[in-house]
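Below you'll find the structures, each written out as structure tokens.
Heads up, the next two complexes both have subunit A, just with different partners, subunit B and then subunit C.
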Partner chain A sequence: MGANSLIDALVVNPAVIMTVGAVLCIFVPSALRRVFMLAFVAASAFQLYKLGLGEFGAVTLFGETLTTVRVDRLARLFGIVFHIAAALNIIYAWHEKDRAQSFATIAYPAAALGGVLAGDMITLFVWWELAAITSVFFVWAPGTRSTYLAGMRYLAIQVLSGVLLLGGVVLVFRDTGSFAFGEIGLRDPSGAIKISGLVLFLAFGIKCAFPLLHNWVQDAYPKSTLSGTIVLSIFTTKLAVYSLARAFPGTHELIYIGAVMTLFPIFFALIENDLRKVLCYSINNQVGFMVVGIGVGTAAAMNGAVGYAFSNIIFESLLFMSLSAAMYRTGSSKATDLGGLYKSMPLTMTFCMIAALSIAAFPFFAGFVTKGLIIDGVAGEHMFWIWLVMLFASAGVLEHAGIKIPYFTFFAHDSGKRVKEAPPMMLAAMSVAAVLCIGIGVWPEPLYALLPYQDQIAGYEPYTPWHIIEQLQLLLFAILAFALLIAWKWYPAEVPSVNLDTDWFYRIPGRNLLAWIAGATRALWNVMWSVIFRRVEVIIGRIYLVHGPEGQLARSWPIGFMALWTAIVLGAVLIITFIA
Partner chain B sequence: MSDPHSSHGKDGASNEKGWADRPGFIRAVFVLLFTACALAAGAGMVSAWHNPHPHFEVEGFPVFFAFYGFLAFMFIVLAGQHLRKLVGRKEDYYDGRE
Partner chain C sequence: MSGLISQLPVLPVITPLIAAPLTLLLPKGRVPWAWATIVSWLTFAASAALLHNVATNGVVSYHLGDWAPPLGIEYRIDLANALVLFLVSGIAAIVFPFAYESVRSETDNRQSSLFYGAMQICLAGMLGVTITGDAFNVFVFLEISSLSTYALVAMGARRDRRALTAAFNYLVMGTIGATFFVIGIGLLYQATGTLNMADLHLRLAGQDNRVIEAGFAFIVVGIGLKAAMFPMHLWLPNAYTYAPSVVTAFIAATATKVAVYVLVRFFYSIFSPDFAFMQATFAYVLLPLGVIGMFVASLVAVFQADVKRMLAYSSVAQIGYMLLGVSLGTKAGLAAALVHVFNHALIKGALFMSVACVVLRLGSHANEAFQGLGRRMPVTTGAFILSGLSLVGAPATVGFISKWYLLKATFEVGHWGVSFLIVASSLISLIYIGRIIEMMVLREPPESGPLSAPIKEAPMSMLIPMWVLVAANVYFGLQTDLTGGIASAAADALMTVGGAR
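Our next item is the complex of A and B:
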């Protein structure tokens, strides 16, 4: 590897610019740190813009050429929204003085950016692991035992995903002789599952939070700090969505996996009292829509999946931001502790409502113009049951993200808490996100112009009468159902509780099993040691008997006895000499 | 901003009614909601506004989406709450166990 080509590859990479900013910001005085961070995000964005579409930063490693930066339409879309999100996160947490969190606030987005810009899988692996390591700072940030344990679990799962990715890369290289990160697919031409594809699929699936592999999200994210949760909610899962879109478009298994992902979190979110956890289930559900789109794999569905990822990053983080602002003022994110905050935090409430309308995909909001593409994509392939699941899940999104979050935070029963409105910089970040939510909804063309399949999107019109009427019927009658449930007092009351999910398996029985194995190993060791020790003891005892102070060999011999023996030996020598 | 939680207002202020708690507002919301539902359902009857290239037969049914949205929401809330019996635990469940 030439040193010059490596330096060139590093200099050209926007993600490296951001990473350098992350390291340097630790040494900047806290008063200037956020401005400094924004400057580096802006520099990285400018570099991405200046590069344009193409491949850059070629490096030769082990005789293979790696493309460390590849900007195509798919990568650029994620690159742009990652920059927007990183900038909003910096502004939102303007008050945050903690160096470790400040570092992670751009080092982690930088790693995710590096991942989406990676043109080969070695580069992808490096950024993939960096994303895991930099993000765990957020989980550890509160510094309690429970966050320490959650951080370790989070790190173990993320690193497992990285190890699988590395294994997958090696297996793919064995199959194809290339490190290029392109379409890989789960099956070979004969239809059999490829091991290399399966290992990569699992690596992406863990980060994407596939069903049963999903619970690290709910376990780790809500334990982070207020701003940390927002940053976490954005990048890891979307990097995984990008990777699936890159490597597994049209993989039909994803349709069913995604459909399950949209469904089960709805029910967990319904009964969850911690509203930050509700939003974590919402991440699973939202990523499910994207995964279905990637699984369908047509131009419409792929445009929908990645377009939805773009707009979801904005409205999902706006939901997290408004909830975190309420938590910043009240000290709680539990539905049972909140309520009635609309009186004292009207601006935050308004932003939350805009995010809720966006995620529920009301016309003229960001969700509508992109989610419709996925659902149309499913309908276009005549997948009736999946289409019904998508509509059902849309009602579910309305329930937990569109209604439950704003309703229990700002309305519902009055918690009696009278707090200040959110701090100005939080409001500033939220207002930018809210403007984007409405802006994309009202004027989707700029986002459409960024989508990967331009031929498809050119003929797409989101605001047809039937799109609007169908969506409004679905949402309004679902809201009617909610209103009736509240009026009839059939809506379940929130109760302080913790709900078991798949993390229970490794936190309780898994942990107990591990403790049992450790105990059993210790006991076995003790038994073996005592057996060996007893043997050794017996042997030492025997040696002692002979050689010890009382032993035969330690006896003192009288001189006469020695003289007699000397005479016997000399006599023997004489006789032998005489005979010889 | 030194202590974000110390900003509680005067005592007794917590019982005042806000605009969203007034019966008039709640009634207005219900009236608006019923009207909007009626309009959406009515708009579904206009065949000129139907999808000219429907993918499924049910799309032709004028209030399919209204019906489906209502039932889906009801099902999620009424059936979903029973999940709590299966997985719900006390808040300190994990505290002593790990």
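Our next item is the complex of A and C:
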């Protein structure tokens, strides 16, 4: 490998520009830091634009050519929205002076961007791990013991994903002899599951928060700072979505996984009192839609999945931003503590409504023009049940994200809190995001022009009567259901209950059985571990004894011992050579 | 000048060998150090010229005193030993200038000319072992370097009396190793009537009897002991821990590497893979002992309360990697071992040099001395962290290159289990290095006791050589033509030329 080609590869990479900016911004005085950060995001965006489509930054490492930067339509779409999101986050958290968080606000998106642009799996692995390491600063940012521990748990899971990724890369290399990051697939042509594919699938699945692998989201994200949660909610899961779209398009297992992902968070979101946790559940649910689209794998569904990822990043962060603004002023995210804020924070309320309408996929908002693509893709493959699940899940989204968040934050019972409107820079970030939400909804052509499968999207028309009626029926029934539940006081929220903080797993039917299994497993694990641990300690203790504590060096036995070992080895070698 | 060029092969050995006794005539103080430094640089220049010469013109054969081999002693330099010569003299050229302040504070100043004299003899011995093409000559030079090393280790006694015991143990064990080695050579001589390596190779071909097998076993064990092959490594931790810091940095980076080289040389230039017993030794001795050593020594390192000792155990583990590479018996494996010989010297040299800086300022290499070091000696801490990451195998450092070559070699032969073990043991090294980095960066300095006194950063005379070596860790991590390229070519030559002679 020439050092020059490596330097060229580094210079050409937009993600490296952002990473350099992240490191440098630590040394910039806090008054100028945010401007400085924006400049680097802009420079990176310009570099991405200047590169155009193609492959760059080839590095030959030990005889394998690595493509460190690959801009194709799929990668470019994610690259663009990551830049937008990074810029919005910087503006939103303009007041934030903390160096570690400022660093992470740009280093973490840079890592995610680098992963999206990686053309080979070695580069992907490097950025994958960087994304894990840079993002944990947000979890640690509040600086309490519980966030420290949550951060460690988060890091452990993220690094586990990275280790699996590396293992998968090695296995894929064994199968194919190439590090190129392209379609891998879960099954080989004969239909048997490939180990290499499965390991990679799990690595992506962890970051994507597949059901049962998802707990780290609800564990770590709500514990971050106000602005930190917003940044966290965007990048990790979307990097995983991108990776799935790259490696496992049309893998049918993803359809069922995605369907479960869209469904299960709805129930937990409904009874959750902490609105930030509600939103974190909605991340799972939203990513579920994308996963289903990738699983279907037709051109239409893939377009829908990645297009939905694009618009979701914008409206989901707008939703987080407006809720965080309310929290910033009131200091609480509990539904029981909020309410009635529409009088004090009318602008924030408006933005929240726009985000809610987008996530619920109302016509003329960003969610509608992209979610329709996925649902159509499913319907196009005649998957009736999945289609039904997705419709139901859409209604559920409306229920918890579209109605619950704005309703309990800004309306519902008046909490009596009278606070100031959100700070101007927060409003600025939110207004840009809101404009994008409406802009994409009304005028989707630019987004459609960016989608990977242009042939399919060419004749697509989002605003057909059938689309609109289908969606409106759904939305109206969901609203009706919510109104009835509220009117009959059956709606299960606004209870400051503790059960909502415990793990959801124990609340489903058969909890006793599960608890017993969990307990037994844990006990077994503990016993096994303690045995192993004791063994290891004993072994180490013995070795330590063999090597002699330092005070006993003066004794003569170590020499005899060493000589004995030498004799034993000599004997062994003699026997082996004689026999051979 | 052309006369000097034709004598080039002998210069790396003869320069320090003649300069060493002259050192004793010099006055105490700074002069012996300056003299040794100049000698080390001249030696390095000669070795570099030799490497260049061999790389462009091929194998060099030099007849000592114009006595033709096989009767006379032959210096035979191919890429493999040119690389090791370059490495050993290069480490000397960095460690010698580094030594002054550290040696002044750790040893008796009245012995400074003796100290530097011994260092030069040690250097001459190791270079002689590497360069020679005569099996008995290997033994002679091995003893020259070992004897001076025993004396050097014992010089740590001014700081810690336990150095005397450590040196004594090392002396006994080293002598056992040397005796085994010379017994092995004697057996070969009995079977063939020659001592020249090339000649031995020719005459051994086709012979496979008990005498040769026994000779082989004695040589493997004797050199294995010198290389600190697990479980014959027990002399090493104490010798490294209690020797003066500079001596540790020098021998940790060179002595065991030279022994590994000798092992490789004997395997391929004297014996050949055609012998069934060699394959058996690879599969049933070197491979298992290498792997066990990687794990056991790394685990022991995790529990150490002393950084120098921890690094010493880590060296034992790293020897395991080299033996593992050799034991694969493939070209890629051999190249990986040679690459790791080179790279590990850079890594351990830099690590032990940073420990030397800490000992100079704090007078201790216990773990507590490293607490909060990031704020007290940031430059030294930086060097330790970078070279520590290199030890673990972080990308863009030489450690990564080593692991990469090794993994590739194991993939090639399909030893998946072994590749897994390599990665797993790297993780253990992450634990013990991470533990020290955590202490240096995240903890507060001790608040009371002798270690709490305010301290300065190490002097420039130490920082500059140390950072040169750290920079080499990164440079050779990015620029692998020299190490990877030459090591592959050397492995190629060792495995093919052997048969052609």
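Here, the second predicted complex is superposed on the first by the 496 of 580 C-alpha atoms of A that agree within 3 Å, B and C clash if a C-alpha of one lies under 4 Å from a C-alpha of the other, contacts with A are read in each partner's own complex, and residues count from 1 in each chain.
Keep this in mind: a residue touches a chain if its C-beta (ideal position, glycine included) is under 8 Å from a C-beta of that chain, and two chains touch if they have at least 3 such contacts.
Note that the structure is a prediction, hence the values are computed from the model and not measured.
Visitor: Determine, for the superposed model, which of the two partners subunit B and subunit C contacts more residues of subunit A.
Guide: Per-residue touch count on subunit A favours B.
Visitor: A:V35 contacts which: subunit B (first), subunit C (second), both, neither?
Guide: Touch status of A:V35: no partner.
Visitor: So, A:Y328: does it touch subunit B (first), subunit C (second), both, or neither?
Guide: First partner only.
Visitor: Is A:L570 touching anything from subunit B or subunit C once the two structures are fitted on A? First, second, both or neither.
Guide: In the superposition, A:L570 touches subunit C alone.
Visitor: Between subunit B and subunit C, whom does A:L53 touch in the aligned arrangement: first, second, both, or neither?
Guide: Neither partner.
Visitor: Taking the superposition as given, does A:L485 touch the first partner, subunit B, the second, subunit C, both, or neither?
Guide: Only subunit B is touched by A:L485; subunit C is not.
Visitor: With the two complexes superposed on chain A, say which partner A:I559 touches: subunit B (first), subunit C (second), both, or neither.
Guide: second
Visitor: Once bound in the complex, which stretches of subunit A touch subunit B?
Guide: These residues of subunit A touch subunit B: 95, 146, 149, 266-268, 270-271, 328-331, 340, 342-344, 379-380, 382, 384, 387-388, 391-392, 395-396, 398-399, 411, 414, 416-420, 423, 464-466, 469-483, 485, 490-492, 495-501, 507-508, 511.
Visitor: Across the complex, what residues on subunit B touch subunit A?
Guide: Interface residues on the subunit B side: 1, 4-5, 7-10, 13-16, 18, 20-21, 29-30, 33-34, 36-37, 40-41, 43-44, 46, 48-51, 55-56, 59, 63-70, 72-74, 76-78, 80-81, 83-84, 87-95, 97-98.
Visitor: Which residues of subunit C touch subunit A in the complex?
Guide: Within the complex, subunit C contacts subunit A at residues 162, 165-166, 169, 172-173, 176-177, 180, 210, 213-214, 216-218, 220-221, 224-225, 229, 231-232, 234-235, 237-238, 276-277, 279-281, 284-285, 289, 296, 299-300, 303, 395, 404-405, 408, 411, 419, 478-480, 484.
Visitor: For the complex, which residues does subunit A have touching subunit C?
Guide: On the subunit A side, the touching residues are 1-3, 6, 62, 126, 170, 174, 536, 539-540, 543-544, 546-547, 550, 553-554, 558-559, 561-563, 565-566, 569-570, 572-574, 576-580.
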